[in-house]
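The following pair of complexes shares a single chain, chain A, combined with chain B in the former and chain C in the latter.
Take a look at the complex of A and B:
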């Protein structure tokens, strides 16, 4: 009976996930021009695609960019999300309103969000930052080219993280709400202040939640694509390129140029590298952040 | 066997009688059956004679345009009229630029696609193996070409380019041509007292000085076109061949790169190029600076008036070729021009009808309509050029050296990204000419 119920899911898993993963992994060892080229035309290339990628400056730059997104962006998002989560589970008024407001960027299309940030926040002639600094009399600061060289990556990162806070905040809130009130009440009676209650009660209970958030953040970072496209919409820039953007370009050809060289084998190799990163991050997180030793 | 037994039991007479009766019954049954069939089948063939002659075949066209784009709108309208005139239905599937991803898998899977389109290089190179040769079709005349052949009715320069890209034979039909030129605001030039468009670098510099004096920023660029800007400059300084070598080898040790750095570092200091160009994410420069009338020039394609017509419907457009810059480089006779192209699937079952539609779209009324609505360039020799792009016609007509897109600077993503980053820094002054040269060779 179990088999009957499991079979449809198993078939879906094999067709939708396992087969493409295996095919992509095999393809990454071959020279393949188009994703739909018949297997008979593939030429064995060994580790050539991987070697080529790591000798390509823009791919190395893309890897550096996602490392920065993961580390700097991740730290920022987790700290802010946790701060909001703790604040909103502390019995303050208007919790539902603030929770909705903070989560709102998640339900707005990334395209709309990106356009909003580029045109209405960062624009050096009429953007929000320009207007705020100009009104404060900070003329030089108001003329800052937020999407110019040196600042483009950080501007993109802030815009991206702004939209991600709400998602991780909800995960933190769900976990905090499961912590038995007895602990905090007892600590409160014993004289523990808010910071002590947070560090010695709330935080230890959130270990499993942290693990979930880190894994999810890793998955999102590895799949980073749309924001790179928005901040460099026509062709790749060093400041905004992520491995997925580069993969898209070499698999389907450049967006603007009439240069149409494609390399689906190298694109598959990027996919495999990204998959390995996610698996490694998952394993490392499991190793470092141990399971909760407290039953909730 | 059974009948034989019966006949034999009745003898000869009854046997004859039986045969007569059987024939009569058979005749009657046949007549009744024919009558019933004709009654039953009559609705199927009601008006069948005329329908069969007018309902011809259906051509399936996978389009690179979106339905809401001017090109998409005109194509859809043309397909309707084409059906009325010829009886041939054209089923248009609007893919937009997603066609770059969707077409090849669909062709490989045997999907019914008769016509597809995209850029001239992409259609010829990426999808070359799916193309039906068109030389024979091009030799014939069609209703919209009059007594002339198709080849004699459309732009010779574009057909030559199509043959060049197709390995010496015509395998695509170009349409929506473009030229990569300096698109400029005539009113701002007039305001600055510039009466003739610059052809030499000295004249260009003089024009920039006049514009700055009149309070107008001479030129801008978006991140999307920085590599093309750099490529054009290098080709004018070092020549086409050397520029392509630099682009394809990612090797920028040529002195022309340093010279480029010197020129544009100096121009940036003089205010000849917008500071915002360093941070313009496409299409910021063309909308906030060109359409807003703050900046006079943009090295861009003849598609620019169409792209920003919503923001600047009345902009007084002019066009000139990027000026010559030095004795070793190319002059205004070397330019990049190209087109979108229709291709016919080699496996199409209706290639004649498909080419008929292609001719319909690239000559006569609908070629002009396409150019008019998209503020673009027509393909037919007799078609009217919109005033916004009219000056580009002279440039195409006088072009003797065809340059590839961005003079090769977008061929390698590495090179493109490096140019964008370093040129932005050069504009802002965070890199001087030497720093730019060093960064390009890092």
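Take a look at the complex of A and C:
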């Protein structure tokens, strides 16, 4: 019975996760032009693919972009999510309503969300930001080209992070709700103010939860793709390219630019680099945030 | 005493005013965003570009929807997605529930290893697995095959679902199985007739989750379905948006956006509590 019940799930795992991961790792050390090339045509290339990638300007730009997304976007998302989570668990009214609306963008297709941002919020002649700034009399700000070359990356980042806040907020909220109320009440009676209670009671309890959030944020950042494509639909642009967009370009070759050479070996190397980033984030958070004393 | 409690309550509410302002602002913005698309989908292109769109001076233009549905092939993408999500969501449960049950109940060599492998799949990025899969599939000439897409959707969501249901099975008491055993029920029968129905709440939550994931899945679908005939809504929508920029049919484009996000949106309105519990249950253990 064990075998019968487990086999289908294991087949799925081996076929779609295990085998491809191993093959991608091996492929990253070989010079391979097209993904469908048979193994016999592969040529051993050592770390050549990796070296080549880090000498490619657009790949370095892509790495810089996800570093910015991870650090700046991540800090912003975590601060907002934590603030919302603490507020909502602190006796606010209408918690269920607010909570579900804040999470809503996660449920809607990213393509639909992106379309709303690009065509409405950021539109410089009738968009939301244009109207808000115009009604405040800030003529100059209202004429800003939010999706122009200078601001494209940051506009994309804000739109992306807006949707992500809900997910991380829910995780924070679930952990905060599990903190025994006695601690905060005792502190309250002893005269600790709201900030002290937050920093000395709530935050230490949330260590495990920060670990989850940071690992998940890293997984999402590494998979950053759709938003980059939405904000620069035709060609790769320095402002929006992420490693996954570049991989798509050199492995599957989007129709717009015939100039790029197909290089699946390098594509595989990008995959491995992304995987290493996730593993590093996981290991680092395990080291920094010891989760053994508080199991939440 | 009662008065004191009330004043404390007033005090709390007063202290929360900044939080209220920010959260209400955030929520209002979300409403404006979605409301605007719905309004835009009912307007003509000229009205969208003007400042007085909300007046609906020329009435509601439901023909945008008809046009998107018929001429822009939204109906085709929509039906594809309905087929893909329905088949994969049910298959995922049929594969994951037995696996989760076995992993939660039986001690055998490699049990923990398998559990860890399954958990690790949640962190493997799509970029790591897509190339060999595409190589394999194109050598087998299976690109643009509906069943292949469904298989991918299933296999990619089995680890998460198994992982999710594992916790549910673990929380069930073993007395059910003992009673069934004494009454002469076979282990298989015990699972399908007793244990499987008992985890129904978990199955519903995770299925809603899988539905949303598969409905919105973009990357894999884009690579494995590049023919119009087999495209799901996410890829179809992206292509429509790119095309409509040039045709200038903005009303139709926003109508397509609304049609595509409506199913998950409606599902969320009715099941938001369950979905929210699912998010936290799935993530905290991971």
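We adopt the following convention: the second predicted complex is superposed on the first by the 275 of 296 C-alpha atoms of A that agree within 3 Å, B and C clash if a C-alpha of one lies under 4 Å from a C-alpha of the other, contacts with A are read in each partner's own complex, and residues count from 1 in each chain.
Just so we're on the same page, a contact is a pair of C-beta atoms (placed from the backbone, for glycine too) under 8 Å apart; a residue touches a chain by one contact, two chains touch by 3 or more.
Everything quoted here is computed from the prediction, not taken from an experiment.
Following the overlay on chain A, a clash is recorded for the pair chain B and chain C. In the superposition on chain A, A:252 makes contact with both chain B and chain C. Legend: residue contacts after superposition of the two complexes on their common chain; A:244 is shown touching chain C, with no touch to chain B. Contact with both chain B and chain C is seen for A:36 once the two complexes are overlaid on the shared chain.
Looking at the shared chain after the overlay, A:287 reaches neither chain B nor chain C. When the two structures are aligned on the shared chain, A:175 is found in touch with chain C, with no touch to chain B. Contacts of A:189 after superposition on the shared chain: neither chain B nor chain C is touched.
Comparing chain B with chain C, the partner in contact with more residues of chain A is C.
Aligning on the C-alpha atoms of chain A brings chain C into conflict with chain B at a single listed stretch, 224-232, out of 44-52, 224-232 or 260-268. Of the residues of chain A, those at positions 35-37, 119, 125, 233, 252 touch chain B in one of the two structures and chain C in the other.
Touching chain A in their complex are the following residues of chain C: 9, 12-13, 15-16, 19-20, 22-24, 26-27, 30-34, 36-37, 40, 48-51, 53, 94-96, 98-99, 101-103, 106, 108, 114, 117-118, 121-135, 138-139, 152, 154-156, 158-159, 162, 187-188, 191, 212, 215-216, 218-219, 223, 233-234, 237-238, 241-242, 250, 253-254, 257, 260-261, 264-265, 267-268, 272-273, 275-276, 279-280, 283-284, 286. Residues 34-38, 56-58, 61, 118-119, 123-125, 145-150, 152, 231-239, 241, 246, 249-250, 252-262 of chain A touch chain B in their complex. Within the complex formed with chain A, the chain B residues making contact are 97, 100-101, 104-105, 108-109, 119-122, 125-126, 223-224, 227, 275-276, 278-282, 284, 288, 338, 404-406, 408, 410-414, 416-418, 420-421, 424-425, 428, 430. Residues 1-2, 4-6, 8-10, 12-13, 15-21, 23-24, 27, 35-37, 83-84, 87-88, 90-93, 96, 98-105, 107-112, 115-117, 119-121, 125-126, 128, 131, 167, 170-171, 173-175, 194, 209, 212, 215-216, 219, 222-223, 225-226, 229-230, 233, 243-244, 247-248, 251-252, 264, 267-268, 270-272, 274-275, 278-279, 282, 296 of chain A are the ones touching chain C in the complex.
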